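You will see two complexes here that share chain A, one where it goes with chain B and one where it goes with chain C.
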Partner chain A sequence: MENWLTEFPEAFSVDIRTPIDNAIEYMVVHWSGFFDKISDGLRLVLLRVRMAVDLVPWWLLILFVFGLTLLLTRKPARALLYAGMLFFIGMIGLWHMMYATLTIIITSVIIALLLGFPLGVLVSFSNRASKLVRPLLDTMQTMPSFVYLIPAVMLLGLGNVPAVVATVIYAMPPIVRMTSHGIRHVDKEVVEAAQSFGSTRLQLPVKVLIPQAMPTIMTDVNQTIMMAISMVVTCSMIGATGLGAEVLLGINRLESGRGFAAGIALVIVAIVIDRLTQGAVREEGHSHAEA
Partner chain B sequence: MKTLTKRLTTLALALMMLMMLAGAQANEAIFGDAGWDSMKFHNAVAMLVAQEAYGLSTSEISGSTAITYNALKTGDIHVYTETWTDNIAPYPEDVSAGKVIELGVNYADNIQGLYVPRYVIEGDESRGIAPMAPDLKSVSDLKDYALIFQDPEDPRKGRIYGAISGWMIDDVMRKKVAYYGLDAMYNYMDPGSDPALAAAIVGAYEKGEPIVAYYWEPAWITGKYDLVLLEDAPYEPEAFLRGETECPSIPLTVAVNPGFYEANPEFCEFLSNYYSSSALTSQALAYISDNDASYEEAARWFLTAHDEMIDDWLAEDKAALVRAALQ
Partner chain C sequence: MQKPDAIPGQPQDRDIILRVQNLTMMFGLKKPQAREMLKNGHSKEDILRKTGVTVAVDKVSFGVERGKIFSLIGLSGSGKSTVVRCLNRLLKPTSGQIFYEGEDIAAYSSGELKEYRRNHISMVFQSFGLLSHRNVLENVAYGLETRRVPKKERMEKAMEMIAMVNLEGWEHKGIGDLSGGMRQRVGLARALANDPDILLMDEPFSALDPLVRRDMQFEMLSIQEKLNKTIVFITHDINEAFKLGNTVAIMQDGRIIQTDTPENMAQNPANDYVRDFINSADKSQIYHVRDFMQRPSCLVRQKEGAQVALKQMRANDLSSAYVVGERMKFVGVITLDAAFRVRAGEITFEEALITDMPTTTADTQISDLIPTASNARFPIVVLDEEARLKGIISKAAILTSLT
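Up next, the complex of A and B:
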């Protein structure tokens, strides 16, 4: 007789492992055509983004960051600092790896925005959709990524494609949440004013709500990018190339120097993108205030 | 009311202290789990013996090879039951410097190399798969079949799923690809991690797609799926490092932390007697896969099925203790 007070009673045990295994095996075998299509599509997007990224020579990117920082902050010292930091990535020989990493980040963020933004708008208008989507978003953000990385590899193969899928899963929730949050919190007076001036059902969201919510939404584009960057090393464990793979190699070979060099490069990429997108949000805020 | 709460809390705390005191044992053996199944199985067997015959409490710490091996040196991990000596570059030096103590060889008849599923060569009528590379026998034959193993990210070339970066064999495999001139028509892909490599093989196998990948035996993958090892030139020590020959069997040793060795001479004597073989390990892994068994259950089954091993490993009195525990 087992002790029900200290041990969870066996009578209530449920096996969810076998059904999940079977479902994944079924998908691998029977839905391979569908997943191959997704895989091909993503690969094409990745390839295009890579081509676009490769079109930018190193000096142009550094100049661009310098110019944009100057434009956004009007602080030459800061512009010089960010440009110098990027230059440093080239100096430690990681420029090409940075491009590979940027390709994955850009592709993932674009897809996350394309999926997340409409979903966020939808969720902001329907309470029922909101109730349905919220637990899903929570799951996407908290489920340990390796859990779905391995089935993703079985379905999509190894490399940058499953990396993009995993990154999108992890980085999409904030854009959905904040788009919906931003739209829901637009001033009631503004909405009433728009309605009393006779805006139609379509005009209200397109011309009033979404533009008004833009600053909130932009903050979350920034968050989505940061979350995509945080997935870089995890994704290298399923064969994604770039800085993450270099970090992993450093860890696997106990070469701390190699790991740190790539890690520092990632930090620089994150800081520069973060400051630039935040600057863009502030700039947006200013122009709104001025208007 | 307040005093009652206080008393109850005190009582509960006292009880917890008592339980902790009772639970705390002077001697603990911490086993390293570098992430693959055969090592977990050998850990389970050794842990069972440690508990039953030597009264040690046991635990297992998981991590990558590099991290767990480093922990073995620092003493956070005490026992490594399956050290892939050739894959850990600093190992020979560490042994001669006394940073880790090598107690003996667990088994030394393992295989590693490039594998393809059997259906790639012979086809599989029951699954409706026609042979894709009928004359593929050896690594050098891969030259003729690059587009069979097409790299989806670079369709003009084939893809070879390589070893995990950081393992010594990864260097050898890269050199092998270059030595046979395969690098002109194949991309050598770094799978990133052991589970990802396994998932890639399983995914391709379930779909009946062609794949050529580095793997090793014994492992549940090579046990469960019908994979064929591609032939290579006979092993020669120097040439092997240049990637020109097949892989030798690596002695998989049992190694312990020096501090643990001094504190537990009796248990270490058992570990130095410990041995198994590739076939025995595969049997146990197949048992796990077929019965959905835990490693501990597999260890119990193994010690029951191979009762004679207990006498080889242990003195009479200890052997009796283990047998009693198996009843």
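Up next, the complex of A and C:
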């Protein structure tokens, strides 16, 4: 017998792999109809978003970024820089790849917002929901994202659909968290004032709490987008198309140039989106100056 | 329904709109145990230590007379804000009754409570409690909106209230564009828009600077005169309480120590705590001009003329000088610009003098001088009975005496 002082005793060993495998396999076999529906739905959404993105010709997107930057920062040099950076993506031949990536990001962010915002509102009003959801969010955020990829592939197949699911799981926690944080931290007297005028249970959140929490919630849309971008390369491993796939291809073929080109394009996309959404939040913050 | 008992210190023949009886408010979990301990005469500290329950308000009773201002004063933590929040049930009392027109609002259902809040009572908050995502007009209209008053009607009513608090022209501005005083005007207009019988004001002017606070107090009094509302006014400032209240109640450690008219309270304080409180009253009503006046550093005789005045001003690094005639009789003030013009021969020395200056005497109370000081361009001139210059008192000296 082994010495239990130096080795962890085998008597205590528990197998959690098999039950998890079994559970996933069970879902694959018995819930396939359900997952197929989700898969079809997501595929349709992705298709629509892709069609919408494709409606934008390259020059219009560059012009749009130029105009928006100018509007938000009033700095022509910066607007020119961002427009130039986007133009560069086209120059290195990655424009279409970027559109594929943007499609996944936009779809994921929209779904994350649609799911996360109501959940955040719910969590802010119910302590019980909060106790239940919080640890789940923490787990979702800290669990290495690769772990989701395996069941996502098994249940939804390869391609952009499981990529969107994995990205949503990864990018949703901040929306839930910040929505509930924003609502819970609305100034106490503002809440009291609303109550003292006889607001109903529905008027209070709709007319007061959610609008007051909006600046906080907006800062977070930016975070969600950034997290979605950070999942791009990871998701290419399960067949997501776009810039991430280029990086992966670069790794597989040991082509540094290909990897770097796609990497640079991703950085540019991230910078431009980050600055633009942050600028938008700041504008929002101005018009909602603290009272 | 339980019949309201007599309240000590207040005659019974008055028209009482709101009567609070044995109001007790505890925060914490083990309230029954705490109540038992309170009944057995344990101190609040003991109760907090043994049960973790804070007794914020302990058997408070008072009556608020219709159309009058009831000031509730106490230091922070004395329970005054808790009491006022029970009056519109932002907090539900642990025990006790609150009779509004004979109905116990502590027992109201949530539907009755909504009606009560929408039609009979509204509140003004210390840090305003305004909705920063709405403009002035929409803030003022909020109470009407909860009652589902049609849009056109509520906007009209809101505009009327905005006019009443002198904010015309600001109705489409955001809250962020407003100064503190203006924000509280919005708060006041919002509270009045519902046309409540009772207005609760929780330290409404504490966040404002002294001069703005005086304006707002004055304005509130004139509005009260016009609309004849019943007001429950919470403050920690004894001057404000005395100035505004028809009746003043003083709170300490969750209990009301004395309820009386300001005059009676000043003359017959119930105990040392009340006496100390009254003694802490505004220094501007104790100090006089002589305590703060200075000798003017730039003094010129009339016969010496502009040349000397210029030299004096340059030597003292000032842009104005006080001019006196025979036996220190005050003549006027000459500014640097005017003195230069005299030297250039454009005007005479006599023409250059500013003579219509606000003046005061050494025996004037500082508080009476504040309105003059706020408009004065130069330090105010202090004269004796024979119009001789005794000194000057600067705006800064007057304002710092308030703190």
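Criterion: the second predicted complex is superposed on the first by the 288 of 291 C-alpha atoms of A that agree within 3 Å, B and C clash if a C-alpha of one lies under 4 Å from a C-alpha of the other, contacts with A are read in each partner's own complex, and residues count from 1 in each chain.
We take it that contacts are C-beta pairs under 8 Å (C-beta built on N, C-alpha and C of every residue); 3 or more make two chains touch, one makes a residue touch a chain.
Computed from a prediction, not measured in an experiment: that's the story for all the values here.
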{"item": "Chain C versus chain B on the shared chain A, clash or fit after superposition", "value": "fit"}
{"item": "Which of chain B and chain C A:Asn252 touches, first, second, both or neither", "value": "first"}
{"item": "Angular separation of chain B and chain C about chain A, which is computed from CA centres of the superposed model and rounded to the nearest 10 °", "value": "150"}
{"item": "Which superposed partner A:Val153 touches (first chain B, second chain C, both, neither)", "value": "first"}
{"item": "First (chain B), second (chain C), both or neither touched by A:Met214", "value": "second"}
{"item": "Contacts of A:Gln203 with chain B and chain C, given as first, second, both or neither", "value": "second"}
{"item": "Chain B versus chain C as contact partner of A:Ala194, first or second or both or neither", "value": "second"}
{"item": "Superposed model, chain A: greater residue contact from chain B or chain C", "value": "B"}
{"item": "First, second, both or neither for A:Ser32, with chain B first and chain C second", "value": "first"}
{"item": "After fitting on chain A: smallest Cα gap, chain B-chain C, Å", "value": "36"}
{"item": "Set of chain A residues, in rising order, touched by both chain B and chain C", "value": "none"}
{"item": "Sites on chain A touched by chain B in the complex", "value": "25, 28-29, 32, 39-40, 43, 46, 146, 149-151, 153-155, 157-161, 236-240, 245, 248-249, 251-254"}
{"item": "Touch list for chain C against partner chain A, complex", "value": "85, 88, 90, 113-118, 121-123, 125-134, 142-143, 145-147, 174-177, 183, 187, 190, 194, 200"}
{"item": "Touching residues (chain side chain A, partner chain C) in the complex", "value": "187, 189-190, 192-200, 203, 207-208, 211-212, 214, 287-291"}
{"item": "In the complex, chain B residues that touch chain A", "value": "64-67, 70, 89-90, 152-153, 161, 164-167, 189-193, 195-197, 199-200, 202-204, 206-207"}
